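Take a look at these structures.
Next come two complexes, and both contain subunit A; in the first it sits with subunit B, in the second with subunit C.
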Partner chain A sequence: MNKSWWKVLCVVLLVYAVTAGLNVFNAPAFEVPRLNILNESIRNLYFHVSMWFSMMILFIISVVHAVRYLRTNNLRYDILSRQYAVIGIVFGILGYATGMIWASYTWADPNNPAAASFTAIAKEPKLIGAGIALLIYAAYLVLRDSISDIDKKARISAVYNIFAFAFLFPSIWIIPRLLESLHPGGQGNPALNPRDVDARMRLVFYPAVIGWTLLGVWIATLKVRLQFLKHKALLNDTNRH
Partner chain B sequence: MSSIAKIIALFKKDLLLEVRQQYSFYGILLYIGATIFVLYLAIEEPESRVWNGLFWVIQLFICINAVAKSFLQEPRGRMLYFQTLVSPQHFVFSKLLFNGLLMLIMSSLCYLLFSLFLGNPVIKALPFIGIVLLGALSLSLVFTFLAAIAAKAQQNAAIMAILGFPIIIPQLIMLIRISSAAFSAAGTIPSTPVLMLFAMDVLVILLASILFPFLWKD
Partner chain C sequence: MKKNILLFTLLLMTLLATAQEEGGAEMADALRANGKIYVVVAVILTIFAGIILYLIRLDRKITKLEKQS
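Then we have the complex of A and B:
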């Protein structure tokens, strides 16, 4: 059980995030402010926003490994870069899923048919920005699969990873702030602004972000170890040179 | 030879090739003409929002067609020859410069044809031309680098579209937003997105100079 303390921490934090986040034991410390419309659905903050934080952190880890690949030409970094990108996409999809549940209680108009609400919600700049991010990484995977030579695949996809990462910032952070939106956080980062999140909620929110991110890293390390085993011969070969 | 002289020499080479093998230049011209003519037959005089949206989408497709061949046209042997003569930065800068110029010409022509065939709802013509030129530059820079990636991956223009569309959306949204101000007499062109587009152009040039050396050699 080498280096397993953070896996224990991940489980502890996630158990804490779920029990305190949903306030299973009805403790007064984990009460949430009841805002109009939002009410108790604000508890989704611990899950929905955490997913996007984790996605961003996983993409950052992916691009760091891409840079390390270009510096060292070690295929291990290429495998790391790819696996973190895939898990980032998974967390992005989970972010969409949790957001969908949240929006169906807060944004969707019960008097309108579901399709009408959907077209209104789908135009949200934040949704589009996040969609662009996922498309970019999907394109990254397509590019990878289109090249058969392993070293070439690693190098070109690392270059695209870094180039595309530079465009993630405008698509996720800048564009949604330029366009008017129903989604909170138009004037800055809502989850990081102390005035926006109630003090009691921050007690759960920050551990939840760390917990979900650790879970993402955990899944990625499992996949990476599997890939290392699969490409054992290849990796040993690069180490010998 | 200084860096500038090398870039100019490479740029001249591309220009000469273009002048001698005019099929690609006329090919793009024909592409623009045919597309706009089809649009004219389909919708005649669209309202300004449609006009604007169509204009930028057409710019996007023209850019892909104009820029896609820029790295594919260099055979392997010639690339090896360049590698002995110039640094990768010189090479990529000359390509950025050439494709930028090509797109500036194509976009101006596209605007001209749009106003001839589809009517001209643009009220602030001069600012709009400025935005068109800025947009042409932004598109050409991004797609030049993607063409380099696609050429290395030995793929056709299809992979360029897959790689490029998600990346270009933020810039395209900004361009459409800014230029929509040129269709009404009231309101001014917002300056923040314009500055942001300039910043992104600088970013693309920086990234191209840092990352292209990794694409340069096999």
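Then we have the complex of A and C:
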């Protein structure tokens, strides 16, 4: 294993997120606000919200590599850009799945079972926005694999990656804030707002975000290294450009 | 004076009401008291350890491949 200090940090932070996040130490520092409806499920902040933060960070890394590819025509950046986008999508899907579970116990219509209150949930601008954003990124993978010419594939998908990243802003940052929603955090920045998140919860939340993001980066680097090995001949061919 | 007393009582009542609201929400106090939360954390950590061990193995294998070629 190479450069493993941040991998150790990743494991340490995530173990901390799970133990302190569920307050096994029974310490007052890891107590959470007592709120009705949310109850102990407020601790999902360390896991569900971290997924979306990590997804955003991974998509930023992906778009940076896409721009670098367009500037240099180096296929290494294309591989990096693609692998970070995939792991970003995985975190997005996990965020969606965990949100589904959490919502069905909190803000989904309490008079109906989770399945029956689907009509109300389906109208949520946050869910629709995040869904559109993830589908646009899924189309990035479809687009890539439909082009057989390597340079054309890299160029077109880098340009599309920038578009997909730009579309994250209206779909997950702007529109959900303009429309009414049952999902918490509609005003301002969810989880970053000081009035929104209890100071004690930040003690676990920020390390958790860093830990989950590092886990995503770790998985992405493994896939990148495998791709570098696979396309070794191609990447080392200096006569191509 | 009467008005002030009334105001004070009302204020106290609202204070009590908010205090009740804060302390009233059901939390996993009993769960933590009898220690059962440790079981859940142990399960999560086991799954997490499995994933991390898998990642470390994968990492080692790729490093080996990189050294070979």
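The criterion applied here is as follows: the second predicted complex is superposed on the first by the 230 of 241 C-alpha atoms of A that agree within 3 Å, B and C clash if a C-alpha of one lies under 4 Å from a C-alpha of the other, contacts with A are read in each partner's own complex, and residues count from 1 in each chain.
By our rule, a contact is a pair of C-beta atoms (placed from the backbone, for glycine too) under 8 Å apart; a residue touches a chain by one contact, two chains touch by 3 or more.
All values reported here derive from a predicted model rather than from experimental measurement.
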Fit or clash between subunit C and subunit B when superposed on subunit A: fit
Subunit B versus subunit C as contact partner of A:27, first or second or both or neither: neither
Partner chain in contact with A:164 - subunit B first, subunit C second, else both or neither: first
First (subunit B), second (subunit C), both or neither touched by A:122: neither
Touching partner for A:36 - first (subunit B), second (subunit C), both, neither: second
Which of subunit B and subunit C A:101 touches, first, second, both or neither: neither
First (subunit B), second (subunit C), both or neither touched by A:146: first
Vertex subunit A, arms to subunit B and subunit C (CA centres, degrees, nearest 10): 140
Subunit B versus subunit C as contact partner of A:8, first or second or both or neither: neither
Smallest separation of CA atoms, subunit C relative to subunit B, angstrom: 33
Doubly contacted subunit A residues - partners subunit C and subunit B: none
Partner subunit C, residues of subunit A touching it in the complex: 1-2, 7, 11, 14-15, 18-19, 22-24, 26, 32-36, 38-40, 218-219, 222, 225-226, 229, 232
In the complex with subunit A, residue positions of subunit B that touch it: 145, 149, 152-155, 159, 162-163, 165-167, 169-171, 173-174, 177, 192-193, 196, 200, 203, 207, 211, 214-215, 218
Contact footprint of subunit B on subunit A as seen in their complex: 70, 128-129, 132, 135-136, 138-139, 142-143, 146-147, 152, 155-156, 158-160, 162-164, 166-167, 170-171, 174-175, 178-179
Of subunit C, residues touching subunit A in the complex: 21-28, 32, 37-38, 40-41, 44-45, 48, 52, 55-56, 58-60, 62-63, 65-66, 69
